[in-house]
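Letters are used for the chains, namely A, B, C and D, taken in the order the chains are written, and counting of residues starts over at 1 for each.
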């Protein structure tokens, strides 16, 4: 069976380094390619200065294509934002939102992308109205299903119903694996401890998460334990994250075309302690998924107050894990010194 | 096909009248029986004074059985509470919780019930440990799946896993139809308006609910509209209610043995404007459900500040709707003047 | 729920010890769809004509038994039943005077399955039964 | 995120108009994983040695263009790019004096998809470049 599921990286994963100018676009693409992760996903407004308000020169686009070719990579997705709160105090009108999506379709096409990623809070009708244009440009618009939302949340069901009704194949989903958070991430707990949360409270929240206790109970109990400020904040993360089941992707598989391999930390044993990637990959295989899983490292914000994050090493570890789960024979490795 | 699904009433529905002594136990049973709703469910601590702290005399139990017989009814469920916060400042120990559940199993058995209903916040291990005793007494313990929880919530999944692992058939689920709240209940909106919520804010929340907008966005938008106090309270109802899908019951049907026909209002056209009972009944039929649907009127708390609730008329209307949806030929009616 | 049915109309009387007026009493019901063990009735707040009655001057009486609020905290063998009219006593030497009084009555309940500890209140103008 | 990388080390200088010191300036980055259109940068808060600089005395400068905070509210054709070092100017006739200063720098962003409007802050001790 040809290896259907392919590996990729969202350059979002290197944000700590690119933010500080420690890595440029070529470093990002080369590093990913060396790891055998040839699918390249970007946050358009991160990787290309000027987009969308100022615009992007052709020169920058040509540089992108030359790097893609040089490292034999494949453009996968332009993750766009659609700031419908651009105007203070009033919502961006519907038609203007649709026009904005069309500009991002054009930008995705200029970059050779297959997909553009819409954020989940977008009104489904905006995407339905932009779908014919996407079809013209041979691009699919994928709504990112991201915690606290999940495939059985009414908002996502509403999107799914709108897509079926539209009859367009240019509308789909991009699930973010952070939706399947099966344990309280250790890097989260450690940061909250550094922020002054009492050890017994932090231990209680971690255990309550493991026991799947409803967030509202945890918040009350933390208050009764004398928790304030960051302790309440730590408990409130449970309003925005939960251990939903990977197999719920199966009902939606025909419209799932890309996967965000969200992770907060990869330990030395190549395990993400809070997200069940073994279960995730087996569900994707079972569903016949044949797209990319793009690493999406988001641990930097949880450790940067205490240490300089090493995004490349974290991505390397996840790619080693993914290769193993996908049954690849070779172990991803960096050619040059990290 | 014999009519598998049967109609019943939780006497919880008459709480406005029984609280004020306007109806006694016989009135409740007779009214339900006249409507053809012969399944009788109770909140043990509502219907029987003394339970559990003081205890209940045999005489009260005999009166119950004589009324059940007199009106040809069937005891369905004793909904118990298990106050694990009985001791101020410390949690009731695990073994004591198990012992407490056993006492409620005995009470359910004394009343001839098939089921006892556990509240969803109970630790699943408590129920697993009580299951053998329940089997001895030929009683099933049913956890009520109640908004904001739903069949894909990790807490419910954890219960389901514990039941499968226990191998006991005495553990199951009792879904409350309030979980499938597909529109913002008009009686809720009217009460919040009476509490001083601005009309434009109340209209926005009702529309946002219809659009399935995530609660956190609605709460922010209401604040930005200048909403305070009751307006924030109205928006926060969306943290505890959502329009989950009735068909998600199908995966759990083998362990579903009773249904709470929760409703907030029945209009004159015999429709509950916020809960899709047509969809619900068709899913139950599809799943081969053959238990009771027990009316659970909870609208009194939403109208009692403005008018005296008429629980009997509300229950009558729901029973007419249920009979119609179940394909019964006769229309439920009260023999005596309401 | 049942907020406006907590205070029983027309139930305000002087509370006498022998023939000395030691306060007032009225009938009150628990605003909840079931009864509750007394250890979980965390507080009963009474104010007469806007004057908050100190916690130690409030008494709760059912079926011939009288409790202080602190005593109730560890009562595990009695309960305030569904719809049961308990006698709520507000002690004050000499009572609160004749005529009509504004009675504020609040109950805070520790309900295990609720992610908050609610206090429900009722306020009524009650004429002191002669 | 990027809280501790908002203020660029060693970037504090006097802000001069001709040869008169009119305040201080330093380089600041937007604490966000993408750039943001200027109309959505709701506030830039600067305090020097604990002294809050009034909103109307703060300037934002990128690629040769200088904006007041109020002007930014309706700028739809420019943005603060990802990792871009903007020049943040705090006006004060005569400046803030020599030596090392405590610089507090906060940015409030209106991010469409967030159910709150975050303010992220960084505080650093910066020596005034001679």
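What we mean here is this: a residue touches a chain if its C-beta (ideal position, glycine included) is under 8 Å from a C-beta of that chain, and two chains touch if they have at least 3 such contacts.
All of these numbers come straight from a predicted model, not from anything done at the bench.
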Of B-D and A-D, pair with higher C-beta contact tally: A-D
Remotest chain, chain C as reference, centres from CA atoms: D
Centre-to-centre distance between chain D and chain C (centres being mean Cα positions), rounded to whole Å: 59
Separation of mean Cα positions, chain B and chain A [Å, integer]: 39
Distance between the centres, which are taken as Cα means, of chain D and chain A, whole angstrom: 30
Euclidean distance of C-alpha centroids - chain B vs chain D, Å: 56
Multi-chain contact residues (two or more partners), chain A: 121, 214, 216-217
In chain C, residues with contacts to at least two other chains: none
Which chain pairs touch, all of them: A-B, A-C, A-D, B-C, B-D
Chain B residues touching chain C - in the complex, by the definition given at the top: 12, 15, 18-21, 43, 45-47, 49-50, 53-54, 81-88, 119-121, 300-301, 304-305
Chain B - residues contacting chain D, complex: 214, 216-217, 219-220
In the complex with chain A, residue positions of chain B that touch it: 121, 123, 148-150, 152-155, 157-158, 211-214, 216-217, 239-240, 242-245, 248
Touching residues (chain side chain D, partner chain A) in the complex: 1-5, 29, 33-40, 42, 73, 76-79, 81-84, 110-113
For the chain D and chain B complex, residues of the former touching the latter: 115-116
